[in-house]
Amino acid sequence: MTVTAERPRTTIFKRPSSAYGIWSWLTTVDHKKIGIMYGYAAFSFFIIGGLEALLLRVQLAQANAEFLTAGAYNALFTMHATTMIFLFIMPASAAFMNYLIPLMIGARDVAFPRLNALSWWIFFFGGIFLYSTFVFGTSVAPVGPDGISGNLAAGGGPGSFNWLAASPDGGWFAYQPNAGPFYSPGTAMDYWALGLQIIGLASLVSAVNFIVTIFNMRAKGMRLLRMPVFVWMSTVVAFLLLFSIPIIAVALFMVTFDRQFGTLFFAPVGGGDPILWQHLFWLFGHPEVYILILPAMGIVSEVLPVFSRKPLFGYSAVVFAGAAIGFLGFGVWAHHMLASGITPVAQAAFGLATMTIAIPTGIKIFNWLGTMWGGRLRMTTPMLFAVGFIAMFTIGGLSGVTHAVVPSDWQQTDTYYIVAHLHYVLFGGSVFGLFAGLYYWFPKLTGKMMNSKLGKTHFWLMFIGFNITFAPMHWLGLQGMVRRTWKYAPETGLEPWNVVVTIGAFIIALSVAVFMYNWFHSRRHGVDSGFDPWDARTLEWAIPNPTPEYNFGVSPVISKLDHFWHLKYDQDDEGRAVRKDDADQIIAELEHVGLNPPEPIHLPNPSYFPLLMAAGFPLMFYGIIYHTTAWGKALIVIGAMVALTAVIGWAMEPVEEPHDEPSEERAEEVEAGV
Amino acid sequence: MSDVVHETPVAHHDEHESTGIGNRKLGMWVFLSSEFMFFGALIATYLLYSNRGGFEGTYPSEIYDIPFTSVSSFVLLMSSLTMVLAHNALSKGDQNGTRTWLFATAALGAVFLGGQVFEFTEFIVQSDMTLSTNPAASAFYLLTGFHGTHVAVGVIMLLSLWGISRRKGGLSEEHGMNLELVGLYWHFVDIIWIVIFTVVYLLSVPSA
Amino acid sequence: MARSRHRLSRLTALVGTTAFLASCSLIEIQDAPMTTFEPAGPNAERLDGLFWMVFWIATVVFVLVIGAIVVMLFVFRDRGKNDAEEPKQIHGHTRLEVAWTVIPALILAAISVPTVSAVFELTGCDSDSMKVEVVGHQWWFEYHYPAQGIDTANVMVIPAGQEICAVMTSDDVLHNFWIPALHGKRYLVPGQVTLLRLESYEPGEFWGQCAEFCGLSHSLMRARVLAMEPSDFEAWVADQQKPAALPVEGMPEYDGYQVFTNKGCIQCHTVRFDDDSASNIIQREDFNGPDLTHFASRTVFAGASLPEEGESYDAALKKWLADPPNVKPGSFMPNLALTEQEIDDLIVWLGSNK
Amino acid sequence: MTAEQDTHPSPAQYWKIAALLAILTTFEVAMFYVDRELGLGGLNALILISLALLKFVIVVGWYMHLRFESAIPNRFFTAGAILALALYLVVLSALGVVVIRG
């Protein structure tokens, strides 16, 4: 190891230098450690969101059930969606992007390592802030603008989980005015609005960071059209975030002002327009859908070629289709509002725009099929998940086309048909893709392989459970089961299918348990992966497993798409891959150089300030919620002071400590044992 | 090791810049492009409500003081000039000029902010138009308030740079990049005000 | 060994899928009153037709894609033989790319034609159709017939074979009026008006539901539409236009009426009496509960969520009056702590308001 | 930084640009009063928006040196501006503020 540890300098604090233990994680600016932290946090929220879903499913397994109170039910579906979207899939994608983008483009880190740490800590504190609503939040019966208030029953009784009702219950879409000050009084929706504001800030910072990283930090010869598709999809996602987060930020500011400071942006009683909220929300919310799916598409585009032993079919078509999806994604938001009374012209226009998205999506699917066609398909666990992704995402895409037929959407919208559609896209799509990635890159993280028997058990359980859960929802929706419904009448005939759905949900839960066991077991007892366990194509596999702290022993120079593959393989006259005679030798050299960098490598030093700065935001935002009290005001000031201190410290601290090559003086000191 | 050619011997992480533009400068441009969406949403909201009739209370467009706002808009516009002169002076190594123009920029920004405080006070006290009078008023205060916050942040950054420039040796080359970034930000805040001044002030007053 | 394991996993998958499909067919679908598959009027029929058109196209695509995957899994699977040839390294195929860009585009263009025409034809109402104003409240629908001067709730009565224009708005939050058998959904937006045309071919009772999440008791905000022969509808209108009889002392309804006036019910509800002095106890704009003049003519109450299946009308009413927030969480109708006797009296009086 | 000096305007040019901006601003304010007298309606809006656009381009192009930057920031920045303009126009037209005739 020739990573040079430099003498830390003191600005506000002594610069941290721990390489092990808790402080190394709290102060790290290493994109890999940050990625891992994102991953674990996201997975924890996945478990929480999943448990919420199971509670919802138990309630719905029976007509007119009393398992949950209405308040608890509404809170749970709000938090389930908010958690899965903002606290699971987005950070899980961020985990992959953090870990992989620098490796895939041949960089030592992202462009702004400390900003990267800041993003992570802001996200983490934002998640904690949002979930602290379970402890501090309140939610009470609606109070109409005329001052008459609704009434709650005396109490839910045991087993009703009524304590959950004190959390955000306006839906993840927070339609106004229902989620506004009159109809959702109490602080719970404030936690929601401000929590999302914090998390959005994290995404925005990440987006800037990734864009600059991808445009500026590529290794020599890594032209844009030589980047792996995952990096391309991350680029599109970063731009989607860049342009959509500010919109939701403004919308959330307006809601917060409505709720806290008596403005009237969305209150019809004062002339506010609830449809404005929908426009702003979906103007963000629809790009958000692609923010959730594109990283998974990127992962699948990496996994399929490796296990088909063929290059990605139509690389540039897949890249451009991804960019087209991102671009068109900004032009279709009002298809979420087709029943809201917008003009027929708008309905037709947005319906047609939505249909056009099917074209680039189709291009991707057909190219993936083209990749598999004629290949030598190794059905490993990541490959199973990737193929599962294509199949399930196709179903989700096709049901999506049925919504684009506007009049048919008037029947489907706000029913379980939509719930089915979005889960086929986000679970059958994103989550399957993410699992493919976890199995595929596990050796990269740990140097071990995941157990493939358990992996396949996980896949089949999840695949079957998923379909049992979500396929019947299509049917339920068309039979008239509306979304977000706490109870349904027995006469509707919906009960039998709901029982099936609930059974499926528990099968999914079981499959996740298998995965968790596999993960932690393989981390300790997994088979050693060695170098390049999958015979892969992309740059991240051209370095040892687990990834060294400095990524590349020497910065690579790229001459082709799938550079690493071409180091190992030639083509014969028929175009078949032929392993080079010296392939093993090249790999051995790569491994050697990867483990023993020929020159010292300077890495960005750890820093306290991202953590400190991120800590300022929740403090300020708690203060805003309780701004009418003295301690609320005090919290705003304290939070601002904390953030300001961090800004000053940050500004005074260089990214890398000055590293005059170990001077003779110092060398003598070392020799003298000083 | 045929294809894997060594690059530079000592590898700093912050080294290659494929686009030829520094990371921080590129980052600033990227961030500013995103700010369009932010102010766009606020301006759109204002336009929606200022054009909607039937609200109770005063509309902001009824009480604009166009001559006053014209002057403060002009002040902000001219601060872009002083900003660019500060940048120019530093690039020529003229520390004195940099210092002067930096201070002038911050001062003009502060005058603009003072004008905004005065305007808000007038609206609230004289015309009884508060944040919660009607959606048009809410949108006006939120939009101009967020713009003002951006200006205030800019003034603080300018004053910090000015403070550093007063130290011995003035602004280093690294600070030069900071100055350029603050400059980009400052000009951006100015162009947003160009739009606000026209769309929100001049165009939303109902013609007689 | 590896081979048998493969076979095992494939077998498991096969058995699992078969079991799943078998269980699907075993669960018999009862009569589902909210289904979208039994359109009862021209609007819903049009939507149903569009759905099936896209459904079959989607099915063809689905079968092709999934079929291709399944075929590939068998044909191109790596059997673990060491001497297997490496695949040809194909990077793409321009003509194929063009084909699978253009063909879907053509299919979508074909779909878009009936889509757009249906959007324009099914949005809004004909100007000469009968108007029913629908007002959404947390958590019930109010219906006002402007031409007939009728106020009712929960059950909308319409003449069959005739286009009705629902002129809709909301009193509080967003709601979404949905009668699957008659038309798709349309939001009720506070401060704005939306239109929805409804038409039923034949007389019948159709179920509906508020489809947009509207707060605590969203799921209990249900609706009924009762389509009648035009002559029956005329009779119904005539009935509804009649005021209620003012109970006098000694009549069995009198005690219930006293409870109504003394226990605060009149703060939100109104009844139009034949005696003018009693008819305007509260000004119209202050009402936020349903008009109870013809309460007993409606088959359902409490946001059309009562009576539940197998429950008698009176028992349901008793449950409702005893503790409304317990039935409908968040209800704006409070628990007035009525005694058993008071509730029984109220039921008698309400039952007389036919 | 040396390369920049060759292409960037000199202080004298900066002052000239400022003078131009000042004149344009005077025009704008003047237009406001002209419109009050004459009620130009749509024409006024067109002129004012053109003037604002001109000022916008001048500040971005010369003061922010976007004219002298490479294509990358240019594209990002323009994309942001155009995207914002297009999207919010659609929102406003959907909400009935901007009426697109056709």
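All chains are identified by letter, namely A, B, C and D, in their written order; residue positions are counted from 1 within each chain.
Note that in this section contacts are C-beta pairs under 8 Å (C-beta built on N, C-alpha and C of every residue); 3 or more make two chains touch, one makes a residue touch a chain.
Quick caveat, the model's predicted, so the values are computed rather than measured.
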If chain centres are mean C-alpha positions, then the most distant from chain B is chain C
Consider the two chain pairs B-D and A-C; indicate the one with the greater count of contacting C-beta pairs.
A-C
Can you check how far apart chain A and chain D are, centre to centre, with Cα atoms defining each centre and the answer in Å?
37
Rounded to a whole Å, what is the gap between the Cα centroids of chain C and chain D?
50
Would you kindly tell me how far, in whole Å, the mean C-alpha position of chain D lies from that of chain B?
15
Could you check chain B for residues that touch two or more other chains and list them?
19, 21, 26, 30, 33-35, 37, 41, 48, 52
What parts of chain C, by residue number, touch at least two of the other chains?
none
Show the residues in chain D shared as contacts by 2 or more other chains, in ascending order.
72, 76, 80, 83, 87, 91, 95
Which of the residues in chain D come into contact with chain B in the complex?
1, 4-5, 8, 10-11, 14-15, 17-18, 21-22, 25, 28-29, 31-32, 35-37, 39-41, 44-45, 48-49, 51-52, 55-56, 59-60, 62-64, 69-70, 72-73, 76-77, 79-81, 83-85, 87-88, 91-92, 95, 97
For the complex, which residues does chain A have touching chain B?
107-109, 111-113, 204, 207-209, 211-212, 215-220, 222, 242-247, 249-251, 253-254, 257, 261-265, 270-273, 276, 280, 542, 550, 552, 554-557, 559, 563, 566-567, 586, 589-590, 593, 598-604, 651, 655-656
Residues on chain A engaged by chain D in the complex (per definition of touch)
211, 215, 242-243, 273, 275-276, 279-280, 283, 330-331, 334, 342-343, 346
Can you list the residues on chain A that touch chain C in the complex?
64, 69-71, 74, 141-142, 144-146, 148-154, 169, 171, 175-178, 182-184, 268, 271, 273-275, 308-311, 313-317, 339-341, 344, 347-348, 351-352, 355-356, 358-359, 362-363, 365-367, 369-370, 372-379, 387, 390-391, 394-395, 398-399, 401-402, 404-411, 413-415, 456, 460, 464, 467-468, 472, 478-494, 496-497, 500, 571, 574-578
Listed in rising order, the residues of chain B that touch chain A in the complex are 1-14, 16-19, 21, 23-24, 26-27, 30-31, 33-35, 37-38, 41-42, 45, 48-49, 52, 54-56, 131-132, 134-135, 138-139, 141-142, 146, 160
